[in-house]
Every structure is written in C-alpha cells, then in structure tokens.
Amino acid sequence: MSVSVQISHRQGNFSLEAGFMGTGRLTALFGPSGSGKTSLINMIAGLVKPDQGHIEAEGRVLLDTQAGIFVPRHRRRIGMVFQDARLFPHMSVKSNLGYGRWFTPTTERYADMNSVVELLGIGPLLDRRPGKLSGGEKQRVAIGRALLASPKLLLMDEPLASLDEARKAEILPYIERLRDETKIPIVYVSHSIAEVARLASDVVVLAQGRVAASGKTADIVQRLDLLPAEERGEGGSMLETHVMRHDEHYAMTILGSPAGEIRVPRLDAAIGVPVRIRIRARDVMVATRRPEGLSALNTLAGTIVAIEPEGRATVEVRMDCGGAPLLARITEQSRQALNLEPGLVVFAIVKTMSFDRGNTGVRHGGEVHL
Amino acid sequence: MSVSVQISHRQGNFSLEAGFMGTGRLTALFGPSGSGKTSLINMIAGLVKPDQGHIEAEGRVLLDTQAGIFVPRHRRRIGMVFQDARLFPHMSVKSNLGYGRWFTPTTERYADMNSVVELLGIGPLLDRRPGKLSGGEKQRVAIGRALLASPKLLLMDEPLASLDEARKAEILPYIERLRDETKIPIVYVSHSIAEVARLASDVVVLAQGRVAASGKTADIVQRLDLLPAEERGEGGSMLETHVMRHDEHYAMTILGSPAGEIRVPRLDAAIGVPVRIRIRARDVMVATRRPEGLSALNTLAGTIVAIEPEGRATVEVRMDCGGAPLLARITEQSRQALNLEPGLVVFAIVKTMSFDRGNTGVRHGGEVHL
Amino acid sequence: MTWLLDLTPDEWNAVQLSIKVATVAMLFSLPPGILIALLLARGRFWGKGFINGLVHLPLVLPPVVTGYLLLLSFGRNGPAGAFFEHWFGIVFSFRWTGAALACGIMGFPLMVRAIRLSIEGVDRKLEAAAGTLGAHPVLVFATVTLPLTLPGIIAGAILSFAKAMGEFGATITFVSNIPNETQTLPSAIYTLTQVPGGDAGALRLTLISVIISMVALIASEALARRAGKRLDSE
Amino acid sequence: MTWLLDLTPDEWNAVQLSIKVATVAMLFSLPPGILIALLLARGRFWGKGFINGLVHLPLVLPPVVTGYLLLLSFGRNGPAGAFFEHWFGIVFSFRWTGAALACGIMGFPLMVRAIRLSIEGVDRKLEAAAGTLGAHPVLVFATVTLPLTLPGIIAGAILSFAKAMGEFGATITFVSNIPNETQTLPSAIYTLTQVPGGDAGALRLTLISVIISMVALIASEALARRAGKRLDSE
Amino acid sequence: PARAADGDVVVFAAASMKNALDDVNKACTPDGGGPALISYAASSALAKQIENGAPADIFVSADLAWMKYLADKKLIKAGTEVKLLGNQIVLVAPKDSTAEAKIAEGFDLAALLGEGRLAIGDVKAVPAGKYGKAALESLRIWSSVEGKLAQAENVRAALKLVATGEAPLGIVYATDAVAEPGVKVIGTFPENSHPPIIYPTAETADSKNEQASTFLKCMQSDKARKLFEAQGFTVLTPATN
C-alpha cells in the first residue's frame, strides 16, 4: 500500500525534479496549471521514460534508471484516467469499457461491469460511439474503462473536472470505497482542495516542477500558507472522529472527537466507524462566551494557541480543542473587538450545515464488492 | 445586449427543446452532464444547424429556420471557447492566439494581444506548439484565442474547468470586466454555482434537453429546489449593494444594502460602485437575540417569511431584511430549539470571511481597455 | 450488352484470370504491405531509407525493366525462383502465380504509401491509453492502430487491385502471355492492339476491365464509408 | 562513376527532359489533385462516383490505352487538344508538354488518393473552430485543412514524380519518342531493351533514373518529417 | 515443369502475327499439332523469356536479330530455323490526305511532311522502324527527315499516329496498312531499298514436345500459306505437297 517516486526529467524548458512517498491509500497531486502533475503521472504509468528516476508501487520496482529497469506500460497493471478522455473512437462505449478486461487474468478481476456502469450512470450510452458523447459523459466512460481493467495502481488525472457537482458527489464515495476496500493505491491529480481533503491520505503539492510540500493530508490542509490565496478559505483542519450515535429524529449523526461531540447530517455508517471531517477555517466562528439563542449546533471549547495575521484584514486563529487542532479564519477587526490573544479560552462555533457531503469522508473497511 | 434562443433539435436519442431570453450581459447555462449545454452553444455558434429554431443576438438574427435564415459561422462574429480546447496543432501558441485577428476588421478589434497574454499567464508559451502544453495551459490559450478575435458574442463552454482555483480567480475578474465594460453578451456554460452566481446576470438551468428554469440569477440562485442536492449549500441569496465607504485600517469595505451595512474584505472599487454579493444559505446563522462576543461582524435584523423543510434534517429559513430577501439553511433541530416560526423577528449572522472573492462581484462600467 | 459479353473462351479465361490475379496480388501484398508501412511510419532503424527506396522502385522503373528483373530473379534459373520452388514448392515462372507476383509488386508502392499515411495519422495517445490498459504492443497494434488505419488499408487494397487490373508491362515481360495461364486482361488487350482490326476487341476488353475495377472501387468506397462512419465526429 | 555518367548527348537530353517532365507533371497536377481530393473527401454530390472512377482510370487502363485516348482527345485533331491550342496556345502533340500531360495523368490517381486520405484524416472540429474565429471556408481550408494535409500532399507529390520517372507506355503512345523533345528516360530505356545487346545501356540509364528518384524521395521524406514534427504529440 | 496444359505445343510469337497465327492454329487443329498455346508479345521479351527457361516449343520472331540472339546462345534446335514469312513496308497517309508520292531515290519526303512528322517504329528497336530507316538511307533521304521522326513504341502505334492525323505520313508494314480504314497507302518501298523483311521461326532447344515439329510443319503447309497471304504476308517457304 505504497507508492514511491523519485524523478528527474527535462522536457523543453520545463524541468521536473520531484519525489514523494505515498504511504497511504490515496496520494493527491495538487498544484497549479503547468506545475508538472500530468508529467509525473505519465512517468508512473510508463508513458514517459524520465531521464533519471526510481518508481516503486506496492513493492514492485516499475522504474530504476540506474539499475536499467523499465517495466513497459502494459505490464504495470495500471489504470489511468487521462485528463483528455482518450476513448477509442472506433469502439462502442461498451467495448471501450471492456477493453482492459481482456488483458486482466480472470482471477485478478475485481471490478464488475454492471455496477461500474450503474455507478457512472452510463447505461444508456453503452452502444454509442465516443464521438457522440458529451464532455462529461466521455470522462465518465474513461473512469469506467480504467476501473474495469482491475488495476493494481490507479492514476487519475483530474477525473472529475468536467463533471457537475451532482455527478461528482455520486462518484466520490465510489473512489472512497476503492481507496478503502480494495487495496489499490491511488494517485489522484486535482485542483480542488475539497476533493483532496476528502479523499487523500497524503498530499503532494507541486509547483513549477518541484515538490513544494508533501505529507499527511491533515498536516498539509492546515498549512494555509501552502495554498493559493483564493483557496485559503477552503483550507482548515481535519478531525479524525468516529460515529458515536445517530439521532434518528433529527436525522443527524453525532460524532465523537477529542474536541467534543460534533453533530453532522445523518451519515450512512455504523456506530464506531471512523469518519474524517474537514472544518474549513472560514466556517469557524470564535466566541468569547458560550453563545445562546443561535442556530449553530456545534460549540467546541478550546484554547487559542496562536494567531497569525494573513494580510491586513484577516487573521488565522489556531486553537487546541481537547487536543485536536482547529483553525478559524476571522477578520482582524473581530480579533481586536474580542481581544483575542494566545492562551485565551474561547468557543469555536461551527454550523452543522458546514458538514455537507463534501466535507465528511467515511473510512470504509473490509473486502470490497464493486 | 441580449441573446434570444429558441431551438428544437434531435440528435440520436437526445432531443433538445430549449429556449431562453438572455436580456442581461452574461447568461449562464447550468445543468448536469449530458443535459444539452454544449449542443445548445454549438447551435448558437452555427456549428450545428437545428431542425427548427430561431436565434438572435444583439438584434441580429443568426438563425431562423422558418424564414430560411442561417448565418454561416464565420459571419457570426462569435468567440467560442470549446470544452476541448481545439487549438490548431500546426501553429505556435502565438499564431493560435492571433488567428481570429486576421478576420476582424481593424476598427472592431478591441482585444489587445499583450494584455490578454499577460492576464492568462501564457507569455512563456508563445513559441510552443499546442501539443506540448499542459491541459490547463491549452485551455488558457483557447480562451485567449477566442477573446482576441474581438467577438460580438462570446460563448464559453466550461472555460475554467481544468484550471486551478488560483488561475480561476485571476481570470474571473477579467470575464467580469468583459461582461461589464465591453458590451458583448456572453453565454457561459458552467457546472459551478459559485461561478454562475458571481458572473451571471441570467441563468438557464437545463435538464435532459429541456429548460428546467430560467430567469435572473438572484431569483434562480434562491430557488434551492432547482439545484442538485449537493449544490444546495452553495445556493442562497444575492444582494445588490453599493460601496458606502472603505475602512482602511482593517482593510475592509462597508457595503450599503437594504438589509443594513455589510462588511466584506477590502474591494478595489470606488465609492458608489454597485457590488453584487452572494450569501450562501449555509453560511447564514439565525439568532433570536443579537449575539455578543462573537467574531462574526455582520448581523442583519429581519423577519422570518417562511420556513421550508428540506429533507428530515434541514430547513430553509426565508427572511426579509429590510426588503432584501435572505436565505438560511439550518438544522431542524436548531429550528425547534429556537422556536423559529414565520413572523418572528430574528438576526441573520454572516461572517465577513464568507465574502471571499468568489462571492463578491463588482459591476464595472464605462469603456473597457483590455 | 451482348456484344460486351460475347467473348471467346480465351477472353473469358483472361477475364477470370485477371480477377484471380488481381485479388491474389492484393490479398498477398496486404500483410507485407501493412508491415512495411508500419516500419516506415514508426520505425527508426538503419537502412530505413533503403527499404523505402526499394518499395518505390517498381514505380520508378519502366515496367519492362521490373519485369525483366523479375524474370532474372524469380525465373526458373533465378535465385529467388529457386528458393521459393525449393522451400515452398511455389513456381512463379510462366504461371499465373508469377502474374500475381508481378502485379503485387507493381502495386506495392501504392499500397504501402496509403497505409503508411494512415498509420502516421493515428493518434499515438490512443495507443498509449491501450498500453496502460494492459495490451501488449502487438495487441495495441491489432486492436487500436489497425482499425484506425482501416481507411488507408482499404485505399491501399483498391489501388493495388486497380493497378493489377491495368498492369501489363512487367507481367508480360516476366511471365509472357500464355492463354489460360498468364494471359491477363491487359495482356490480351495489348495483343489486340498489335494487330489490324483488333481495336474493337481491345475496346471491349478494356470496357470489361474498367467495369470490374469500378465495381471493386465502389465496393471499396462503401467499405471505407462504413469504416469512416464509425469514427464520425470524433 | 564515370561509366555511369559517360552519356551520349541524346541520353543527357533524356535525363534532363525526364526531370523537367516529372517536375512539371507533379507541380501542375498538385492544384487539381488537391481540389479533386477535397471534392472526393468532403463533397456529397451527384456524379461523385463517376469522378472517382475517372480519376482511377489511368491506373486501371493499360498505359497504351491511356496513351491512345490522350492521342484522340489531346492530339492535334482532338477536341481537348484544339481547345488548349486555341485558348492557351498550348500544344501537346509531339511536345514535351504532352509527355508531362501523360505523366501527370498517369500519376494523378496516386496523388489524389494520398491527398484524399490525408484530408479525411483532418479533424473537422478544428475547421469548425477556425470557422467560429471568422475564417471563410476557403480560408479555413487554406490555413487549417491544407497545412494539416501536408503529409499527404508531399506523399502524393513524390508518388506523382516517381511515377513520371517510370512512365513510358502512355507517353510514347501519345507523344512518340522524339529525342530532345519527348524522349524521356523510360523511353530511352525501353528502346535499349528492345535491341539485342542493349542491356548494359538500359541498366545504366535505369540506374540514373533510380538515383534521381531516390534523391527526390529522400528530400520528400525530410520535408514530411519536418511537417510531421510540427504536429508532434498532439 | 512449367509446361502449360497437358502436352499442348507452346508457341512464342511476335504480337504482330496474332491474326494470321490464330487462324493457322485453328487450321492446324487437330491433325497439324494444334491447338497450340500461343503467347504473343514483343520479340525481345519472348527471346529473353526463352533465354530464362520459358516453356516455349516454337519461337516466331518479327525479325532475324532476336532469332540470331537465341541461336547464338544455342537455345534454338539446330536445323529447325525456317524463314517463314516476308512483308513489305509502305508509306501511308491519313485517308483524307491529298499527299502523293513516288517513292524513288531522293524523293522529297521532307517537303511532303512540311511541318508534320513522319510516324515510324522506333528506328533502333522496332523491326519496322529499322527497315524504314534502312530504306530511307538507301534512298538518300534519311538525313533530310531524321529530325522529323515520330518514333513509336511499335508499328501499330505509328499507324495510329497517322490514322488520327497526328502525323501526315508514316512508314508501316503493308499488312498493317491494309486493314486500317483510317489510312491509305501512297507508296511502297522497293524491296531492294532495305534488308529483306523476314519472320523466322524455329523450335527451341529445350522443346521436348513431339507435336512441335508437326505444328512447325503445318505452319508451312498450303492451308497455312493461304491464311498468311490473306493477312498480307508473303510466304517465303516453298509450297509443299
């Protein structure tokens, strides 16, 4: 359950010098346009042979330029979802989907055509040619094609970019299940912090061909300075929690965390199941006294650890709520008005509604039946 | 400043029966994958001739099947950004960008190569071939190419889908300026409510080839029922405000609105300039008494107009704040706890941080110099 | 129509033989044609220019010269002729097989060019995609490259067939003009143009040859259209 | 090498004439070749099948027949010949122009096929994009379709040139074999093969012809590579 | 092993003899050794094919040179060579031509041609062309028309050039001129102005077919003679039986 990559490569004026160890199940590659994400993923897939490097997945050495090892792409057992769909224009959607199966030993097939087709909502398209699909339909077929090859390593290059939110929301849980229930490592390129925070166990931030940061998702997501200014509101803290109980009356789930109980909309998960939640810094309010008569349901007591100014108008307030770190993004004006200082005991207020599906990731376990 | 479309067309099993009047400056086409957005835009561009229909832009009839009018694509003066970039592979990036200029009368050229190149950050790519660009780079060049044709109608098919947030945030204001300062109508396909709410004057929601709803953005964005479940948190109300004053000390701008003053991060707009803000329903808290010791800066008094249940866990609270409608999305549990009922006077609380750049749209005026 | 089909037995034989020769020439040049086209389109090896030149040779040489070279190498006493006779039991000299060989070789440059152009037009990114899905390069070729090359293969095949229907210089020089064995339509036409009063007969055979070729052409166009439709608007 | 280049004045003339004829044939067939290829690739009109058949005819007909048909139509008394002489002052009969005409026509099907294949391979979505940017269809063709068709145009041109270097049946039938005017290399070679003991001379001229063609071939490949590199990995 | 059909005699014959030889073949069937399989092509091609092991039993050449070529290489069965037929060359003009000529030493052929060209078989390669050149030389007008030739691939093509009016005059065989409605003969070259026009025939050295000599004999028979003469040839062998 690991991918390790160390690459040095030049193409034109662009030089890529990047390496990371993805020890978790889903490693996200995050970075601006042109930073080398696709190039890196192409090398893992064996489509580009880097000038120098070493690539290992699940203990298999796929590339070692020093030892002269280069496993050809068709023996890497990789499922790749390309940024451009790259469907075979001369085959029907169905044949496209089934293409990889031909080359997978029967015993190693774990993906099932029917359930993948249903998940992706491409049932009505099966007899069509790719030329007659819409942009999003193409991308969905491309995802299905990669999955149905039952790969041992899944590479996804912005797979959801051309999909609407509803579609994304349908497919994300499936990727979660893939991540948790099959033991295939996934390398996932994305522009969206929300996606990364929800899916990734590790994040590698690329910038101009270099690794700007890499590590556990929770650590990276907290480091708002790594994010582009516009994305900082999306950053925040990750809390590892577990399902404590369900409140069937109000259709809520109560999660237990070191910071206290957190109420979120009803999750479809059994008692005890671990759930990771993301609390966006901009969704967190700080109060100096426990508020009353307010619709927000989650009030977590904590101590201010640090206050970092961020521009003139904004500060980031780092709190420790029973051991769990929590990040709030508020105005400098509020900070002054409330006299917030490190050491002060405060209440962090988070609306239940902040925990929509995009921000709660259920950790699955056990064997998968796709 | 208007586009009117009325189409009836069959392709394969898919039938498109759609019509809308975009009287504003930017009409957004919004809808799930495969709902017919690209098809519709192709017809406006003259790439597909619909079975029946009538298309008018800025008073020019582009298509009228009954009168037998079909203006060929090259005389429509349209700038189209395709979902797939469609750059000319045999030309350098520079030639791609300059292609449309050749066919634009000198007097009608309003777009300037240098500023577009700079805006899109494609300066270093000018001598490259499209084959050697990354996905996002291609898309940026495609946007530039369409702009530089100085079109009279701009059609954009998910132009920002493959761009990172930072890039998006850079390009969005440019599109705003295009919308406001040149008088070109824009038809903009997008999956993102945030983009739509920020940019669009009108929204057309497509579903399975039919118009599910259309109207002013403010009206559509409030109708959460039109949105897919996952997007409802993104929905909310639009407030038309104007810049009252700037608070240079805290780097804030105070906007005047019928609901009262609203503090947002410093905007780069002169006093009096109209600003449209989006207040996401999920960002609004409701309190029965004016809260104290809370970091949230904006507290708007209002009366509850209606409460609509949405699923078992959630309700939508519709308020009237000094004539401006405001929408909050809270849990049923909170509603019961606070005894919220129509007619009750309440306080809507919105963090200043909710108004990041994605949610404030400055309305530009006057002549444009791109 | 009766005057058109009112043929002597020898002429009938020539018609049938021509169809047989052209078909065999086309079918047997397809596999090597595809292979060589692939080599030329994709390969990077020493001697590629030489192979390319060799393939074009029958186009450049006067057919008589090609025929004569075939006679020298594939004739009964030629080295290639001896080789094929010994190892495969195939005799070319003065057999219809020889006519097919001559026609195949004369049409070879046309076929290779068409296929090569098509191969060069195939998007290699699709091949890369097939590779990641586990297909061995040979299978990638068979399932992706080849089907996408179909228009070129069809064009190459019809060019080869048509050329075979008209080829005469190399054939008559190589395998002579023996009725029922090596007398193809063009040879028969040639003979008729060489004698007084033969024009009407030559014209008639020419028309028959044209009709056969046009039927083949129309069939090939229909095939290509079907192959093309499958890629429509992609 | 001396024995190779130790040519009689007539042979030198034949070499020069052949290059001239092949070049002119190639250059002058390019515009109509591109046009017809475009029509066949894109057009949907009544009689398309007929034009397609007509284009292929020189391939199917024995060259002698083609030459004879040329004689009948483009000869001094032929309708086309009279037309060209009257309106353009161009005389084909017994002139090198006639040789170029014959060679051009013999190579025409090859050229058209290559260009057509390439045109059919052009992504029409790119043309649509050019259209929306304001380019008139003719300009779209010139700035997008044509450059993307370049590999096919180069292939077609070299096929036409090579064919012209080897064409002899139609040429000699149409414009005879007049030294210094219509005696191209293949005609000269043919003559030598018809004389007992002429083989050495024929071989020498054949080699020269092959060398010229190979030079042209190599140049065309280099050109095509450059054209192709520009599209690399797109 | 390359014998065509079971035991049929295979004749390699100059293409210009097709009409006559097809008739003769019929007449010689079945008791004259026929039916023979007759392959018509240029004498040069046939000779080279025989040199390369073609399954021919009998070779009929359009001139003596290619027969000699084979004989020199010992590919002709000794003693079987027969000078079978003779022919004449004539000056032809398009049928509506008003040209008149009296062929004699020094006659002004060049003036008769005017701006036009003299159609003739290739003077180096095609037998009729070689004879024509010899005749013009012996009539001492070669140098005046040498630059006005239109040399054709074969004599039939030369005839076509005249028949279509492309060339105002041409030199072809009498046998060809007779049957072409588009031309008229305006003069015959004297026999002594050129080497005798002879079509020789012989059995090949490799021939094992016993019928070959029968067929060869039949070609010299009276019934064959009539058929050859009907096509305009002169038969050179003495009449038999």
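Order of writing sets the labels: A, B, C, D and E. Residues in every chain begin at 1.
Criterion: contacts are C-beta pairs under 8 Å (C-beta built on N, C-alpha and C of every residue); 3 or more make two chains touch, one makes a residue touch a chain.
The structure displayed is predicted, hence computed values, not measured ones.
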Self-check item: Intersection of the contact lists for chain A and chain C
Solution: none
Quiz item: In angstrom, rounded to a whole number, how far apart do the mean CA points of chain D and chain E lie?
Solution: 35
Quiz item: What is the distance in Å between the mean C-alpha positions of chain B and chain E?
Solution: 90
Quiz item: Which chain C residues reach two or more other chains?
Solution: 64, 68, 125, 190, 193, 233
Quiz item: At which residue positions does chain B touch at least two other chains?
Solution: 84, 132
Self-check item: Touching pairs - complete list by chain label
Solution: A-B, A-C, B-D, C-D, C-E, D-E
Self-check item: Residue ranges of chain B touching chain A (in the complex, touch as defined)
Solution: 11-13, 31-34, 37-39, 83-84, 124, 128, 132-137, 140, 157-158, 161-169, 191-193, 228-231, 233-234, 247, 250-252, 263, 265-266, 281-283, 285-289, 291-297, 311-314, 328-335, 338, 340, 349, 351-354, 356-358
Practice problem: Name, in rising order, each residue of chain C that touches chain A in their complex. | Solution: 125-126, 128-137, 139-140, 143-144, 147-148, 150, 230-234
Exercise. Would you mind writing out the residues of chain E in touch with chain D in their complex?
Key: 42, 44, 47, 65-66, 68-69, 117, 119, 122, 124-126, 149-153, 157, 160-161, 164-166
Quiz item: Where on chain B is chain D touching in the complex?
Solution: 45-47, 72-80, 82, 84, 86, 88-90, 99-100, 102-104, 129-132, 145-146, 149
Quiz item: In the complex of these two chains, what residues of chain D are touching chain E?
Solution: 64, 67-68, 71-72, 75-78, 93-94, 169, 172-173, 176-178, 190-196, 198
